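Heads up, there are several structures right after this.
What follows is a pair of complexes built around chain A, which joins chain B in one and chain C in the other.
Showing the complex of A and B:
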């Protein structure tokens, strides 16, 4: 894609989101052509729906959902969504800052079904509760495990006795 | 000039039952290929014509634990997988041996992590540990030879399970 076209697309997206979600956009960053919007927690589903359904944008694909654990600050977690538009051949990143108590955000599976397992994995590793998620169970860790391994306060080697091991055979 | 040449005339050998049984056991160690991750590739390589594990009578990789004598645990064992490995081990009939192949199974290896068992000897009686990440096929063959050495020193009655002993006492 020519560079000018890319710039146009970026301006189009920025303008459209700004026009519609002006109050809710907390931050716009454009680092090395990676466009990223930080949006208020309660607007993420609305924004997702808009991005997917707007005929000029058509962000049909949710590539990834993950979380950053900042370890120490007021909004400890930031959920990150990567979405893609086939029409514009454009990757967009969305971020939502959420607090630790409780670490919860509305699910976007109502917009992108593929986010189902991404959110499950995020729940498994970071303990983020995705509200109204259809099937928020553990994915990698066994059911009944009580900790969230990728949180910064979780020890690398794990918590002894938290995962059951068979008795030693004779 | 094979065995047939020697056996042209009638003859006899003297040995003990223990030695005969141990010899036949060590010459037909059937492995259970517990290939969980990358070590499995080297385990497969040990079975190919270049390294030829058949020279040691161990070419019969059985995918049912009921027909196996030797479990080659080849790969990273996570806490979730540990339950499965133990369950398969329990289904193997006595006598049985275990090779911990590679760094992961021996000590957790490079996975010093919450999810990986730091050495399968926490839940399995390991006979031979194999170094390497992954070990070369020669190394696995060396481990197999160590197992054979171990088997050759066993007594035939050593592995009789209790129910057999009870049957014997009952003189059926």
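Showing the complex of A and C:
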């Protein structure tokens, strides 16, 4: 894709989102040509729907959902969504800042079905509750596990005794 | 109940059966059965566990359970420097280790803003394509073996073994290659390695024709796969499927073409697409991709330039080992990079590459220190496995094996 086209698409997306969600957009960043919008927590599903259904944008594929744990910040968690448009050939990043109490955000599975497993994985690793998710279970860790391993307060070596071991022989 | 009435047509007996609370009448044919497949099952390509609900031999529901190979690489990445994490990318998709190496260093280079010399980029393309062929060879062979054609796996592994010999010569290991470095590659291809690559490129075509003859004349093989596990285009996009599985459903999306990295924009190759979306299409597309990789490799071998294999950026790129022992500055830089890391600027990047299994993306968040603040691996196998409940619903139990084989998951990557 020529560079000028890329800039045009970027401007188009920025303009469209700004027009529609002017109040809700908290931050727009463009680091190393990765366009990123930070949006208010309660607007994410609306924005997702708009991005997917708008005939000029058509962000049909959700590539990834994850969370950044900032450890020592007021809004401790940031949910990150990567979406892709086949029509524009563009990767867009969306971010939502959420607080630690309660760490919850509305699910986007109603918009992109693929977010199902991504959100389950994120819940498993960070303990973020995705509200109205159809099947919010742990993805990798066993059902009875109490901790969230990718949080910054979970030690790398693990927590002794957090995984039940077989009983010692009598 | 009607069936039970037919079986127990004696009125008296039937009445007694109803009244007696201790007796439960069970008709085996009217019950669904729940069975467990895996995690240790030869057809699940690693440790994938599937829980199936069966009505006779038909699958009515299926739940994949992941996590048997979860090693927490994302956590480990947060506690080591950018350079240290390269060997760990080998263990993600262990059939295409070099593609992972390339994908990771490209993401780090995008984050740190490092320009890499042309020869290194060409070498990265060569090994990526070789690795793609090796991975597809395993995919084709084991897929055929899953549905009963055991000879095929011998033939594909024979070809793969020749490619592994090249890796052995260039990287020093057949399997755990760790070949790329931030800002370049570990070692140059010598003449012998280039000769071996040329040989495999020209031998492979006749081998592929042989393999096609073996498989495509086999009516049983075709019948087992045709029309099985159909993934419609819309669902494929909705479920986030990438790679050959997406292209077998008719979507023209290849990262090498859509967002060219390295020098793929200068290469002449086709992106094979099938519209059927069934297991047979997913089988064909891998064979076709091998042919395209051969085409790319031929161009690469013709065009590869001479020059440096590592960028000249002493603060970010590890110096050559021989220079460390003879020059003071190089020793200092080596010490600083190993101990304190390369300190890329604050920010976050997402970079994806086309792996044999699909689109592998790395999302790296940097806070300016030597360790990444967060690394998220967007692994294609994980996304592709999400299609299993859809594909297997209504299939026969023996088709489940064919469907898993056609998706070609690698659990090392799906479980991270």
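By our rule, the second predicted complex is superposed on the first by the 166 of 170 C-alpha atoms of A that agree within 3 Å, B and C clash if a C-alpha of one lies under 4 Å from a C-alpha of the other, contacts with A are read in each partner's own complex, and residues count from 1 in each chain.
We take it that a residue touches a chain if its C-beta (ideal position, glycine included) is under 8 Å from a C-beta of that chain, and two chains touch if they have at least 3 such contacts.
The structure displayed is predicted, hence computed values, not measured ones.
Chemist: Regarding the shared-chain residue A:166, is it in contact with chain B (first), chain C (second), both, or neither?
Modeler: Once the two structures are laid over each other on A, A:166 reaches chain B alone.
Chemist: Determine, under the contact definition given at the top, whether A:60 touches first (chain B), second (chain C), both, or neither.
Modeler: Second partner only.
Chemist: May I ask you to decide whether A:94 touches chain B, chain C, both, or neither, giving the answer as first, second, both or neither?
Modeler: A:94 sits against neither chain B nor chain C.
Chemist: A:156 contacts which: chain B (first), chain C (second), both, neither?
Modeler: In the superposition, A:156 contacts both chain B and chain C.
Chemist: Give one of first, second, both or neither to describe whether A:80 is in contact with chain B, with chain C, with both, or with none.
Modeler: A:80: touches chain C, not chain B.
Chemist: By residue count, is chain A touched more by chain B or by chain C?
Modeler: Larger number of chain A residues touched: C.
Chemist: A:44 in the overlay: touching chain B, chain C, both, or neither? Say first, second, both or neither.
Modeler: In the superposition, A:44 touches no partner, neither chain B nor chain C.
Chemist: Find the residues of chain A that appear in the contact set with chain B and again in the contact set with chain C.
Modeler: In the superposed arrangement, which is not itself an observed complex, chain A uses residues 140-142, 149, 154, 156 for both chain B and chain C.
Chemist: If you look only at chain B, which of its residues touch chain A in the complex?
Modeler: On the chain B side, the touching residues are 79-80, 82-83, 86, 89-90, 112-115, 117, 122-125.
Chemist: Using the touch definition from the top, list the residues of chain C that touch chain A in their complex.
Modeler: 66-67, 70, 72, 74-76, 79, 110-111, 113, 237-240, 251, 253, 258-259, 347-350, 352, 359, 361, 363, 365, 373-374, 376, 378, 382-383, 386, 415-416
Chemist: Of all residues in chain A, which touch chain B in the complex?
Modeler: Interface residues on chain A, with respect to chain B: 140-142, 149, 154-159, 163-170.
Chemist: Per the contact definition, I'd like the list of chain A residues that touch chain C in the complex.
Modeler: Residue positions touching the partner: 1, 31-32, 34, 36, 60-64, 66, 68-69, 80, 82, 86, 89, 91, 93, 112-114, 116-118, 121, 125, 138-142, 149-150, 154, 156.
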